[in-house]
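The two complexes that follow have subunit A in common; it is paired with subunit B in the first and with subunit C in the second.
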Partner chain A sequence: MSILGNRVLRREDPKFLTVGGTYVADLALPGSVHVTFVRSSMAHARIVSVDSTYAQAMPGVLAVYTNDDLGLPKFPTIMGMTNEAMTPPMLASGTVRYVGEPIAAIVAESREIAEDALEQVVVEYEPLKVVIDPVKARTDEDLLFPDAGTNTSFSLDFGGDETLFDDCEVVVELTLANQRVAPCPLEVRSAAAHMSEDGRLEFNSSTQAPHGVRDALATFLDLEPDQVHVVTPDVGGGFGAKGAVYPEDIVVGWCAQKLGRPVRWTETRSESMLGLGHGRAQVQHVRIGGTREGAVLAYRIEVLQDTGAYAGFGAVLPFMTRMMTSGPYKIPRAECASYSVVTNSTPTTAYRGAGRPEATAAIERIMDLFAREIDMDPAELRRRNLIEKDDFPYTTPVDTVYDVGDYHRALDLALEVAGYDDLRAEQVRRRTAGDVRQLGIGLSCYVEITNGLPDGEFGAVEVRPDGKVIVRTGTSPHGQGHVTAWSMLVAEQLGVAIEDIEVIHGDTDVVPRGAGTMGSRSLQVGGAAVNQAAVDVVEKAKDLAADLFEADRDDIVLDKANGRFHVVGTPALSRSWAELAEAAAKDGTALFAEVDLASPGPTYPFGTHISVVEVDTETGKVNVLRHIAVDDAGRIISPLLAEGQVHGGIAQGVAQALLEEVVYDLDGNPLTSTLADYSFISAAELPSYETRFTETPTPVNALGAKGIGESGTIGSTPAVHNAVCDAVAHLGVRHIDMPTTPVRVWSAINDAVTGHGTAKGGR
Partner chain B sequence: MIPATFDYVRAGSVDEVIGLLGEHGDDAKLLAGGHSLLPLMKLRLAQPALLVDIGRLRELSYVTEEEDVIALGALTRHHDIATSPVTLSSVPLLAHVAGQIGDLQVRHRGTIGGSICHGDPASDLAAVLLALGATFVAQGPNGRREIDAQDFFVSFFEVALRSDELLVEIRVPRPLDARWGFEKLTKRAQDWAIVGAVAVRSRSGVGVGLINLGPVPLRSSAVEAAVVAGSNAAEAAAFAAEGTEPSADFNGSVAYRQHVARVLVRRALEKAGV
Partner chain C sequence: MQIDITVNGTAESHDVEARTLLVYYLRDAVGLKGTNVGCDTTSCGACTVLLNGESVKSCTVLAAQVAGEEVTTIEGLALEDGRMHPVQQAFQECHGLQCGYCTPGMVMAITSLLAENPDPTEEYIRLGLEGNLCRCTGYHNIVAAALAASQALEMRQ
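Entry: the complex of A and B
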């Protein structure tokens, strides 16, 4: 009987639920000094002077460094695609471009002294014009980088087909915001560094990509990669934003080198809200056209991506948005054009979904408006346009090739679980009665790309003479549960108990290579690499067993029920894994296999989410009553972990639809830099979810699995957003931008009822 | 997120607290549950030179019943108010409201006295105590004095305590045959109210309190007068915004907050049987 597909409890949890995890800030580092960063209080200004005289004179302060002291180069462009003039310096150099930008690093004997010293560094600014609205930034009226001559950091525009909508009976347009959000991992950024006795840089990092951190440190600090040893202890969440290397990380390493003392840095939550990359931040203009019978014929999306103050990963997010332009629909003609612009705000980066949720949000919202325009049920419109299961592999108008799917099945199942017809009947009843609390039903059919980057992954399996199995992986879990999942894969291949398997990750000396964990890639590349290594080690064991039994290699059988090898037909005479490992050791070798698996290519999970909300039309407050999620991530290896990913994803997705938004005032001052002001969602705002999986295995990889880490976020947000708009549509409201906070919803109703047109809400 | 340096004294008695306040004046701050003060200190918006920790003064934590009054010690925690048999039977409104403050952890740390003395216009408890016609007992070097809740909230985050006084007790007149309603609009369960309203109707009269509609917690005399004059809930609630000065932020404009005040006051009045 296979262990795969069973609800194996997380091996990680007993520790987290009892003694707790060990994070970078928990690591003992005797004699360490602490770094804090002087951060800009201005959104855009020339730095006239940085006076650290008083701070440097404080007892316990070792040094205050500015960018000139560091002498380190700027960060490179993203794969050569982004504007070279717009890459971030290590610390602000001459100009500050967002509130929170690091200007100087203070090193002190204690964190408290370092924090006190922050108040003693005097920065004199000469204010420059602040550009906070990306629409305004695109006009290039005021420039963040005058040398660049533009605010555009990256664009994708292949020209448009002017005849795109010519044969459409109905055309609907909408401009909508996919607002800026903060990833808010519970563990903020943290790093610790010291030089070992043999001159290597020992570095602890709260990251999703330890090897990326190693390589970046080596590059910036002029070291060979093997002179840098990165270890990630437990990491309390990343959501994409810890996939990048930050200037602070490099400065911590530089200080350890420079001072020859252990150095540590842990940001505060308020710093994290400004310093950790933000997500989403697109303004979209979408246009859809088709027939009155509900055949969608053409679709075009223009994306304006807010890059923040410097062009990092956020600038290239539209690349992913573009790939998913037409979503799960068979639209004959579809186009995407995108422009990424810098603004005086925190740089944007990958955040759970990274470019794909934005694509889904756009098309799902306009599908609802199209349905309304032709007076068709939104579920029916979707059914008529979904790609058929016989169409795969399916090439979209923007040349993305979807692997496999059964989109109609997911839609039908979601409608059935929801009791869709009854919900619509209840909605009619409430509308007719003019209830204060109106019901909204929102659908979202989605498809997304996982493992979209080309990296392969390292995996290794070793069986030791004591019978223990050591698994090494290049992925870097930070909550996902790879220890459990990889153990299941290896147990399945080797026929050993999960308890006998140890999974090692996040140590660049023990694991030589790795791309890390992001983009819903881990199982289908990293898990697949470990799985392949397990298959290979079984083959090696069979070679050894053939020698020991003096039998023909092809007659050796692994009995997975007890993890023992025997010759076919004589099970009574058998050898255990430990005995074979012992035999290998006597030969002076080890029983192990290493795999560098090339990426098998991207996969495309899909599904349908349905949200049922209640809107208090007198206050605008939204209450989510139900959330139905049908997700298909191919073959499900670990249902418990997959459900966990969906649950967390829905929570973050609902949060974006209803609550979360990073807000700046016109001077670029952040208004949401604490968790009192930034509406991070909690369990009290969420219903119990109704989740189902359909399983359509992908032919792309050996496991048949697709990524499930981001689907919950991608599917849920438009469903909730559509539900809110649906609840008040009969009152004349066409659209409400996210987050659909009470004041925005009420303003939209009020404007519709009083005839003031479509409201944008309550700034 | 790390406070500036401060001195710390753990007080052993009310007299010691009053002595320390007399000695240090405005340089000293009292630490009760810490859920308002400590975040301000971490953000360095408050930098007291001395923290006087009164959290161990157990004698100030109680809920007792006198003939016409429910007396609550100033250091009674929200959780204890929410679950006390006395409040549940005699002033269930107070128990209900205390049980909705922040989240469970906040309710186990935060105290009624700390909440009131902070003078936050967004305080649920302050508005409820106004509606209930409570009095606050302050103790200073010259003994005790009672302050009417109406006179206690002076201005934005400022209350009527002298710098050498400690709030020791909250006295709530027992409402007879009371019906009540409490409504608050929040984005999240744990948030401060964007707007909130409370209404109590008993044999002794009607009380209406407003949350977050001006620089101080408010009692709406206009609505109360309308009810007394015989208006129904909707008619009386039309006066809810009268005399209010809510601030505007991304959670709502002035007009929105005043509109919501009318809605919530109407709902609270309806629940109170008006």
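Entry: the complex of A and C
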């Protein structure tokens, strides 16, 4: 019987549960000194001077470095696509462009001394005009980079078809905000570095991509990659934001090199709220058109992406938004144009979904408004426009090719689990009765892209003479459970016990190559590479067995029930994996296979989420009663882990719909820079979820698997958002921007009822 | 100053600065790294430990304040025969952890909640965990683990 698809408990857990994980800050580093960063208190200013005389004189302070001391180059553009003038320097150079930007690095004997020294560094600023609103930034009235002559860091505009909506009986428009949020992994950024005796840079990093960190350190510090050894211990979450390399990482490596002492850095949460990249941050204008019978004929989205102060990964998020323009619908004509602009705020980056949740949020919200306009049930409108299962592979109007799907099945199952008709009946009852607590039902049909970047992955499997199996992977889990999942894949191919398998990741000396874990890529590329290596090692073992048995190679059988090889027909005479590994060792070789799997290309998970909320019309408070998630990520290898991914995604998605938002005042001062101010969602604000999987295997990879890491976030936000708007629609509210906080909901109701304000028309 | 605290049943005595927080006493002086720090505003609960059997956020208590008292951390929760405590076990069985960073705090907070109320409702647990943040699990399986642990503890009695 196959182990795949079974509920296998995590092998990782006992350690975390009995002594806790080993995160970077937990590593022993005898004799280490501590780095802290002087950060800008101004959103936009010229640095007149940095006076560190007093700090340098403090006992225990080793050095204070500014950008000039480092002499390191600026960061490169993202894939050559972003405006070259807008890449970040290592430390602020002449100008600061957001509150929290690192200006100088202090190295001291202890963290306490370094923190005390922070207060002794005096930075003199000359304020510059602050640009915080991306709409304003787009006008180029005040520039962040005068040399660039523009605030636009990246754009995708292929011109528009003026006749796009000509044959539409009904056209609906909306401007909506996909607000800026903070990824908030529970472990903040942290690094530790020292020079080894043989002169190599040893670097520990809380990252999603150890090899990326190694290569960046080598490039900036002018070392060969093999002179840098990156080890990633346990990592307390990343959510995309730890996929990038940050200036602080490089500075820590530089200090270790420069001082010849072990160096460590762990930011505070308050620093992290400003220093770790933010997510989302789009303003969208959408337009949809079609017939009164509910055929959607045309759709256009214009995206204004807030890049933050420098053009990093956030600038190119619209690339992904554009790829998913028309969502799961068969829309004959669809367009996307995007403009990314810099503003005086923390640079944005990938955050769980990275560009795709934004696409889904836009089309799902306007689908609801369209349904309302033609007086059709939103589920029915979706059903009429979903791509049919016989249409795959399906090429969208923006030339994205969806691999495979059965979108109607997911919708139907979600409606059934929800008891949709009963919910609508209850809604009618409450509306008729004029209840204070109104019911809202929100749908979201989504399709998204996983493994969207064309990286391949490394995987290796080795069987040792003691019977132990060593698996090495280029992925870099930080909660996803790859040790368990990859063990399952290898156990399945080799017929060995999971306990005999060791999975190694996150050590650039032991794993030669790897792209890491992001974009829901790991199973379909990294898992597939490990799986292929396991298949290859079985083939090698069969060669060895044929020699030992002096039998025909094609007659060798691996009995997966006991992990032993025999000649067909004579199972009593068999050899174990250990014996074959021993034979290989005697030959001076190893029973070993490694694979560099080329990227098999992206896959497109899909599903339907339904949210049921209760809105208190007197206070505006929203209570999520139920959340139904039907997700299809192709073949499910580990239902336990897949479900866990969906759960976590849902919580982050609900958080965006209801609560979380990074807020700046007009002077660029952050108002949500601690966990006391930022509305990080808690257990008290969430229900238990009702999750189901449908499984439509993809032909793209050998496992039939698609990514599941981000679907929960992508599917849930619009469902909840639509549910909140649905709950108060009958009162005349057309749209409420996210996050739908009590104040916003209450104001929208009040405006609608009294006929005042702008809430009716959206923003 | 010299501060004596009984940690996981062992008498500890360390010379630390008066401003040392309990969490750093545990991590740096005693050397128990299981208790994590997730914030600087008493918001996340990653640092939750038991003080005389009741949960506290150890980033909010000075080590000096609890001199002479008993502290239990994640490292001290397993049963005497080495098996995991029912709450720890329920976490594994219900997949109540992913990255593990919130986990020690969650486990300690739930242990304390169940001591207060051995037969809690889902709502009681959710409200009781309001001060313990997790970014990975969406709380679903943490709540499930708490409920499962309450049953296991009941059966043990």
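We adopt the following convention: the second predicted complex is superposed on the first by the 757 of 763 C-alpha atoms of A that agree within 3 Å, B and C clash if a C-alpha of one lies under 4 Å from a C-alpha of the other, contacts with A are read in each partner's own complex, and residues count from 1 in each chain.
Here is the rule we use: a contact is a pair of C-beta atoms (placed from the backbone, for glycine too) under 8 Å apart; a residue touches a chain by one contact, two chains touch by 3 or more.
Remember, it's a predicted structure, so these values are computed and weren't measured experimentally.
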Subunit B versus subunit C as contact partner of A:Asp421, first or second or both or neither: neither
Which of subunit B and subunit C A:Lys621 touches, first, second, both or neither: first
Partner chain(s) touched by A:Trp746 [first = subunit B, second = subunit C, both, neither]: first
Partner chain in contact with A:Glu173 - subunit B first, subunit C second, else both or neither: neither
Which of subunit B and subunit C A:Ala684 touches, first, second, both or neither: both
Which of subunit B and subunit C A:Leu186 touches, first, second, both or neither: second
Which superposed partner A:Arg269 touches (first subunit B, second subunit C, both, neither): both
Touching partner for A:Asp226 - first (subunit B), second (subunit C), both, neither: neither
Which of subunit B and subunit C A:Glu124 touches, first, second, both or neither: neither
Greater subunit A contact set [subunit C / subunit B]: C
Intersection of subunit A interface sets (partners subunit B, subunit C): 112, 268-270, 674, 676, 682, 684
Complex contact set, residues of subunit B against subunit A: 1-2, 4-5, 39, 43-44, 103, 185, 187-192, 194, 249-253, 256, 259-260, 263-264
Residues of subunit A defined as touching subunit C within the complex: 9-10, 12-14, 16-23, 25-26, 112, 184-188, 234-237, 239, 268-270, 478-481, 640-641, 643-644, 647-652, 674-676, 680, 682-684, 686, 688-689, 712
In the complex with subunit A, residue positions of subunit C that touch it: 17, 27, 33-44, 46, 74-75, 77-78, 84, 88, 91-93, 95, 97-104, 107, 122, 125-127, 129-144
Subunit A residues within the subunit B interface of the complex: 111-112, 115-116, 119, 268-271, 618-619, 621, 658-659, 661, 663, 671, 674, 676, 679, 681-682, 684-685, 741-743, 746-747, 762-763
